[in-house]
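Letters A, B, C, D, E and F mark the chains in the order given here, with residues in each chain numbered from 1 onward.
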Amino acid sequence: MTTVRIPTDPEADARVKAVFDDIRATRNTDFVNQMWRTLAFDPGLLESTWADVKRLMATPSTLDPLTKELIYIAVSIANSCSYCVHSHTAAARAKGMTDAQHAELLAIVSLAARTNHLANGLQVPLDPEFDLSRPR
Amino acid sequence: MTTVRIPTDPEADARVKAVFDDIRATRNTDFVNQMWRTLAFDPGLLESTWADVKRLMATPSTLDPLTKELIYIAVSIANSCSYCVHSHTAAARAKGMTDAQHAELLAIVSLAARTNHLANGLQVPLDPEFDLSRPR
Amino acid sequence: MTTVRIPTDPEADARVKAVFDDIRATRNTDFVNQMWRTLAFDPGLLESTWADVKRLMATPSTLDPLTKELIYIAVSIANSCSYCVHSHTAAARAKGMTDAQHAELLAIVSLAARTNHLANGLQVPLDPEFDLSRPR
Amino acid sequence: MTTVRIPTDPEADARVKAVFDDIRATRNTDFVNQMWRTLAFDPGLLESTWADVKRLMATPSTLDPLTKELIYIAVSIANSCSYCVHSHTAAARAKGMTDAQHAELLAIVSLAARTNHLANGLQVPLDPEFDLSRPR
Amino acid sequence: MTTVRIPTDPEADARVKAVFDDIRATRNTDFVNQMWRTLAFDPGLLESTWADVKRLMATPSTLDPLTKELIYIAVSIANSCSYCVHSHTAAARAKGMTDAQHAELLAIVSLAARTNHLANGLQVPLDPEFDLSRPR
Amino acid sequence: MTTVRIPTDPEADARVKAVFDDIRATRNTDFVNQMWRTLAFDPGLLESTWADVKRLMATPSTLDPLTKELIYIAVSIANSCSYCVHSHTAAARAKGMTDAQHAELLAIVSLAARTNHLANGLQVPLDPEFDLSRPR
């Protein structure tokens, strides 16, 4: 159950069709997942969202594609986005994530959550050593 | 200002000293940061926290050391842990993170946050394609 | 599946009936949504929650009714409350929110999430200009 | 640096003075902490907030006063509210929390955070056994 | 729908069987809930997670068993972990939590969330009285 | 203390200068706040962030400028972004937000947080009435 009405024939809209075509071409698949089908209710929001995802996730850069998906999953877990956890876990798997790497990702995400709550509960003061402007 | 009294001479306690020694040996540095100095108020909590951090972050595994720090930073940002963002950014930098990689990490973390909020606002339904038990 | 047993005949309890009557009268509808039907397991909690919602959301004030619902949706998205996102989106729509306004709300909520994560990742220092006590 | 102007002589306002008097009487101390001094910028918001805190935290009930503070701290840590972590840790200590209990609280809060992130990362399905309406 | 493939015969793995046996013995029940059945996809992650949960939740300590569950529920609500809210509410009920205590827990958790957001919105400054190092 | 080195002469970089000039022109002020001065460490990230903020916050649209700032503050509070709460509260005030509106905003944000935690704690089931595809 979505909070917007999902278009039944989204590609009847030329702007939506252009984005869907680009998604299929960029990802080399016929599959356009529900995130984009739902965003199709507003072509402008669909366009700007896809433009950012394509630029950051589907363009060669200083981080390799799998690492980028692992970071994406980590944030999605911490923000409790069920859809995003599923879609980016599928994407990571498609980019080669093994079961062992997945288990390790989950172990690190939960360890970070644990020490995040510990540091916030203790209100640990910052070490001056972290200051980038101090002489070293 | 912490929520616990930080021991003034933490290594007077043998259990604390053993952990601090292990931190220094594992990291090959004399620097023991405030997280551990604060946790020293309870040797048991200090021991179990360090044991987990050492096992997951300082042991060779399926993910490389820098990738693990990037994941840690991502979760710490999403959980708004100021101390953890600082300490793990410093750790990532010590493990070779460049300014360009840092910028890209921040760009991906914020993109993920953006689509997390979008998917939660839309309440996007799960694609059956994400189901691991379906035939493929 | 709730974590409490939802009463099968909630209005058999006089305190619950009084709240449900007030909800119907205040909202001018026969529909009492599941939030209140579930809260009926504890009449005191039901009463105090409804009193606050009525006072802040159903009483004329300095912010107009639609703006108040937009703020409510924004917080509910950020806190990952699926039920609240649905119920307050429905409420906003009932108060006149158009599809274009909904798309814009979602765009702003996700932009805010993006810069929230960016500012937390950068640990941006506060500008003294934001200090209300400085001369201007 | 607050986002509102803190009144310099808050008790010049009769409604503020009445709340401050009630805080002092209820807590049997002369100390009125900054939360209330800041909320004094809007007497109505001050009154409704204090009324709820007094009713739930300072009135005998089914949970003992220290347990209530531990719950309060737990939520405040998870919501990254630095001020609330400090103020409710001080309150818990005033109600008898020992260092060992504090350490245990922090250990449980961080364990919960760890398994919360794990369950969200795995998207664990609900056990039918948790359904309150099934025969037992 | 999980993000990992749940083993169909988890106890065929000796390490998994050992953990499940310990869960059954520790809890004195035949019921092994889905969290552990899902974690069985990685025996190492299963072992370390159960070890921590057993040590903190199933061992006599300075906080009583029900209080520990209440704290666990509080964190799980704030972190929007649906599975954890369900499983720990069931655990709390098994340890004697009454409906009135449950209602009070929920009231305090929501009150804390309310003042957490208020304090973060106001950016209330810390009282020097909370500093543990000041003379008293 | 930031996690990146803030450029001492940011406008020596032509891309940074172009963005700062656009910020000053768009906002009709000489003041360029720390968010942008910090983001200047990576001109690309600065450009894409400003482009989005300008497009959504500084362009006439279906929501009025003040409403947009109120939504922005609401999300920033829920995400515990101290910097963003300060900067957007200042922006809202510059766009005419009165003290009474500010108090009401904070009251609604905290009410939403309260019922968010309540609904998540109760795990309230969705009303079929919220489904947009049902006949009405």
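In this section, contacts are C-beta pairs under 8 Å (C-beta built on N, C-alpha and C of every residue); 3 or more make two chains touch, one makes a residue touch a chain.
These numbers were taken from a predicted model, which means no experiment stands behind them.
*Asks:* The A-C interface: which of E-F, B-D or C-F repeats it, judged by over half of the contact pairs being the same residue numbers?
*Replies:* Residue-number overlap above half with A-C among E-F, B-D or C-F: B-D.
*Asks:* Going by the average position of its CA atoms, which chain sits the greatest distance from subunit F?
*Replies:* Most remote chain from subunit F, centroid-wise, comes out as E.
*Asks:* Rounded to a multiple of 5, how large is the rotation, in degrees, that superposes the C-alpha trace of subunit A on subunit E?
*Replies:* Rounded to the nearest 5 degrees, it is 120.
*Asks:* Please decide if copies subunit E and subunit F contact each other with the same set of residue positions, more than half shared, or with different positions, and reply same or different.
*Replies:* Answer same: the two copies use largely identical residue numbers here.
*Asks:* Using C-alpha centres only, name the chain that sits farthest from subunit B.
*Replies:* Checked the centroid distances; the maximum from subunit B is C.
*Asks:* Give, as an integer number of Å, the spacing between the C-alpha centres of subunit F and subunit D.
*Replies:* 27
*Asks:* Between subunit D and subunit E, what distance separates the C-alpha centroids? Give it in angstrom.
*Replies:* Taking the mean C-alpha position of each chain, the two centres sit 19 Å apart.
*Asks:* Using mean C-alpha positions as chain centres, tell me how far subunit A is from subunit D in Å, no decimals.
*Replies:* 33
*Asks:* Using the touch definition from the top, which residues of subunit F touch two or more other chains?
*Replies:* 1-4, 45, 48-49, 52, 75, 77-82, 85-86, 89, 100, 105-107, 109, 111-118, 120-123, 126, 130, in rising order.
*Asks:* Considering only which chains touch which, how would you classify the arrangement: line, ring, star, complete or other?
*Replies:* It is complete, because no pair of chains fails to touch.
*Asks:* Can you check the complex and tell me which residues of subunit B touch subunit E?
*Replies:* So the residues of subunit B in touch with subunit E come to 1-5, 48, 52, 55, 126, 130-133.
*Asks:* Using the touch definition from the top, list the residues of subunit D that touch subunit B in their complex.
*Replies:* For subunit D paired with subunit B, touching residues are 80, 85-86, 89, 99-100, 102-103, 106-107, 110, 113, 117.
*Asks:* Mind listing the subunit C positions that touch subunit F in their complex?
*Replies:* For subunit C paired with subunit F, touching residues are 1-4, 31, 33-35, 38-39, 45, 49, 52-53, 56-57, 61-63, 67-68, 70-72, 74-84, 86-90, 98, 100-101, 104-105, 107-109, 111-127, 129-130.
*Asks:* Of all residues in subunit F, which touch subunit B in the complex?
*Replies:* It is residues 1, 3-4, 41-42, 44-45, 48-49, 75, 79-81 of subunit F that touch subunit B.
*Asks:* Applying the document's contact rule, which stretches of subunit D touch subunit A when the two form their complex?
*Replies:* The touching residues are 73, 77-78, 80, 82, 85-86, 105-106, 109-118, 120-123.
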